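Here you go, one structure.
Order as written gives the chain letters A, B, C and D; numbering starts at 1 within each chain.
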Amino acid sequence: MLGQNNYGKSGIRLVKLVRHPDRHEIRDWTVAVRFEGDFEAAHAAGDNAEVLPTDTMKNTVYALAADHPLDSIESFALHLSQHFLTENANVARVRIDVSERPWERLEVAGRPQRHAFSGAGEERATTRVERDRSGARIHSGLADLTILKSADSGFAGFRRDRYTTLRETGDRIFATALKAVWQYIPSDLTFALLRRSIRQTLLETFAEHESASVQHTLHAMGEAVLEQHPEVGQIRLSLPNKHHLPVDLSPFGLENKNEIFVATEEPYGLIEATLTRSP
Amino acid sequence: MLGQNNYGKSGIRLVKLVRHPDRHEIRDWTVAVRFEGDFEAAHAAGDNAEVLPTDTMKNTVYALAADHPLDSIESFALHLSQHFLTENANVARVRIDVSERPWERLEVAGRPQRHAFSGAGEERATTRVERDRSGARIHSGLADLTILKSADSGFAGFRRDRYTTLRETGDRIFATALKAVWQYIPSDLTFALLRRSIRQTLLETFAEHESASVQHTLHAMGEAVLEQHPEVGQIRLSLPNKHHLPVDLSPFGLENKNEIFVATEEPYGLIEATLTRSP
Amino acid sequence: MLGQNNYGKSGIRLVKLVRHPDRHEIRDWTVAVRFEGDFEAAHAAGDNAEVLPTDTMKNTVYALAADHPLDSIESFALHLSQHFLTENANVARVRIDVSERPWERLEVAGRPQRHAFSGAGEERATTRVERDRSGARIHSGLADLTILKSADSGFAGFRRDRYTTLRETGDRIFATALKAVWQYIPSDLTFALLRRSIRQTLLETFAEHESASVQHTLHAMGEAVLEQHPEVGQIRLSLPNKHHLPVDLSPFGLENKNEIFVATEEPYGLIEATLTRSP
Amino acid sequence: MLGQNNYGKSGIRLVKLVRHPDRHEIRDWTVAVRFEGDFEAAHAAGDNAEVLPTDTMKNTVYALAADHPLDSIESFALHLSQHFLTENANVARVRIDVSERPWERLEVAGRPQRHAFSGAGEERATTRVERDRSGARIHSGLADLTILKSADSGFAGFRRDRYTTLRETGDRIFATALKAVWQYIPSDLTFALLRRSIRQTLLETFAEHESASVQHTLHAMGEAVLEQHPEVGQIRLSLPNKHHLPVDLSPFGLENKNEIFVATEEPYGLIEATLTRSP
């Protein structure tokens, strides 16, 4: 029996050059389109009559991008999802993911250059719009935002069992590659502006928090977003704990005054939680 | 308000050398441990009294592996999850993920060598055991199994709209990196043997199917597993369509008799479905 | 002053389907083309009159592949390099790199299937042909051949200084991702056959060697290739030491009988050497 | 016969927290150490008496980092290489590679925070110091500096043959991930300051150049560095051409006014050249 099923196109690389008279802007996006609906005949009988090719999804992304300002990833995802749902009667639900790669303007002699850019890091702005016949839900976020604090972070008073060897610490490096996904309650927002503000709330809370654990700081970050941004109904944060371990220098007759660390990739802690606005 | 939350350790690299008198065996596993439960105090107040460190989870994996035969990733995941749930009263649900990297024995002068191995590819055997106070659920699978068929695959008769430019074809390369996850109904099984059999069913069906689309072949693969393996209650298959595009040689006065292709990474189709045993 | 310079196209993904009456074969290659020569005008003055576009290099790879049997990566690289040097009078030296991704035939009911394949691992067969007006040099090899031996490997009697904490061991896991590059003296060889034989020599020597260090085994592997394969004039081997560290289980009251290891990625030893046939 | 050989430790992850009274600084470096010298006995006979373990190299990096200001990757690489050469009489040549991951200070309420940082992108600052008994040579550089210009770039007037299908263009996107390596003539320099200046020269020249080809701009960039920085004796630039292809929208009745592009990863052009100061 066929259960939940979906199909679509991923990894659609879309770059739009917005040509203002005095300067260019770059949009560098990766788009994924996903359909759910009644595709029983395609699966069970190999009947493709209701299957819009994934190649057509890709073409549609480029065609619609030509006539859209691409002012935000959210507005384009809303537009795309509307198009696909309207044009495909057999589709029950469309999901659009857009991830944005940031570029920043180069400066020449201290002044912004009109058409030259450098990549602005691994961080990605993301959105997922899911639309069915009842409306659209928007989950925006960011991914791979690498952050580190070198003070105001400890981990102590934890539960111990016979396999516990970890020492308590009142002063450790706290480093993570933040992933955040928040749900917007209304869908008519100035998305790009709002995103900058939410991102700043996350960063400032991370920087200033007196952290008793990753969980503790995660909770403070989520709470701050909900308090300062009424447009957000819910937020989920994922914080991998990218461990920085103090190096034991005592065999060499040296003391490590919490200055020399080895950064490790594996294993890593992973702490995740959702915070929801109370009703 | 704190909603769903979880924490744990990922990327725990465990290698066990099983020393038989006449030969060695290698287990090369990556383990992740995840707890869910009542961790409100840790999040809201920074109180770690109920937080078992993720470092302890890692230690526990190594300690328990020393006394366990590691006969299958499933049996060890069941054992680990039982341990953690028993020892941690405040934990409501434990999830263990294990992924196995395969090694195969080297041959010397045509005969199997007793202690030398080569890596057996990108494919990984996987399992996820989720255990709560009511029992355990086992979802096993495989990931990154790259397969390709160069005949018996077409795509035609599909829906067209104004953005459709794809040509129909009765003869295309069908290549994918299969991901499969199936649910075992009972939990007392000879997992390693059963896995080999399910894997072979997937491969043989893929090879022999007269494919009208990725959906069509996915469905046949899932159906075959459910038919031939009563232990499996449900299976989900993910098939990225790794497109191989015929190269247009006509500008050079050559005909491409469906022989010369460019393999592409992006964009890619993604087709996923769950098949469930009918009640 | 313009010094050494080169340009070309990399990452040319070429898949050829060889259609025999009773079965298909797959060639899955990645090709790079590189020119050196007199390109002073292009660099200094932006004069492209002597610059064959890298796009044309790519087209040429596909066009020539259509009419070539692709019986070995070496024979095609020789052919391509000849073409480019003949057609481009201003080019002094052409370098062609080809890397092959292996596929193996699937079996159905214990018998080889005619047109279905699975990916045969991360290992790549490689060749580099460098051709100038005086002739061609062939350097073939393999990359990412992951191998491990769990006996007959130690490391002791090494030099110590005040920063040395490593313990001597007579029994350690020796794991590496072998890269080998060997130079063929003649250029008219049955390359595919010879490659299999050289590869087997490398593997058997690795498996059977009583290893006192990575250097020691590297040397034995290279020596065996030179002794058994008179066609090879020189071989360079690179062996990253992928450390497997015994886990200290004593805090848990357990003894680690050299059975439980953590596999690490960083840092890693890197041992490299060239062996040359004595004159 | 043993030819060129080397061994060492790579991937040594070193993080130093510099604790000023009013703020912290982060050094996030990856170090590799490599020895060349007389290691014939180790290779041929398995005699390790002259082999300093690579584990000791790693320990030495951490120990020496504890007592060094780490004011620049160059100064530390010079110091490390001196140490190893002095302490190991049988070593003829030491090579130290250091790559720096940049972090930037977070701002809170518009003011720099004292101990919180975010990752500042994929770009890496690099240095390689090679030292033998006659002295040290310093090659510094940068890697993975992604840059793009959307005007003042064309490619026309190129050589054509029967496989050429590329169209001439006077207006294309020019995107690359710059790698640069330059040789310093003196070794007593304010490295960090000089690096910033060389980097700015590269970026400004890229941004402002009227580019007739990648070669043309590469040459201008190298020339500018040599002209403006007498400390640099030679520079090598590698510019992968990360193609952005205009999407053909004509099947959809739309015109692409050079606004909509697909960014591609493969194949890619690769243009490299060395510029040397004339004697």
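Here is the rule we go by: a residue touches a chain if its C-beta (ideal position, glycine included) is under 8 Å from a C-beta of that chain, and two chains touch if they have at least 3 such contacts.
None of these values were measured; they are calculated from a predicted model.
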item	value
Least step count from subunit A to subunit C, where 1 means the two chains touch	1
Farthest chain (mean CA position) relative to subunit C	A
Distance between the centres, which are taken as Cα means, of subunit D and subunit C, whole angstrom	25
Euclidean distance of C-alpha centroids - subunit A vs subunit D, Å	29
Contacts with two or more other chains, residues of subunit C listed in rising order	13, 59, 63, 163, 165, 251-252, 264-266
Contact set on subunit C toward subunit A in their complex	162-163, 165, 251-252, 264-266
Subunit D-touching residues of subunit A, taken from the complex the two chains share	13-19, 24, 26, 28, 59, 62-63, 65-67, 103, 106, 108-109, 113-123, 145-152, 173, 203-204, 206-208, 244, 247, 249, 251-252, 254, 256-264
Residues of subunit B defined as touching subunit A within the complex	1-13, 32, 34, 39, 42-56, 58-60, 63, 87-88, 155-161, 163-166, 211-216, 218-219, 234, 240-241, 265-278
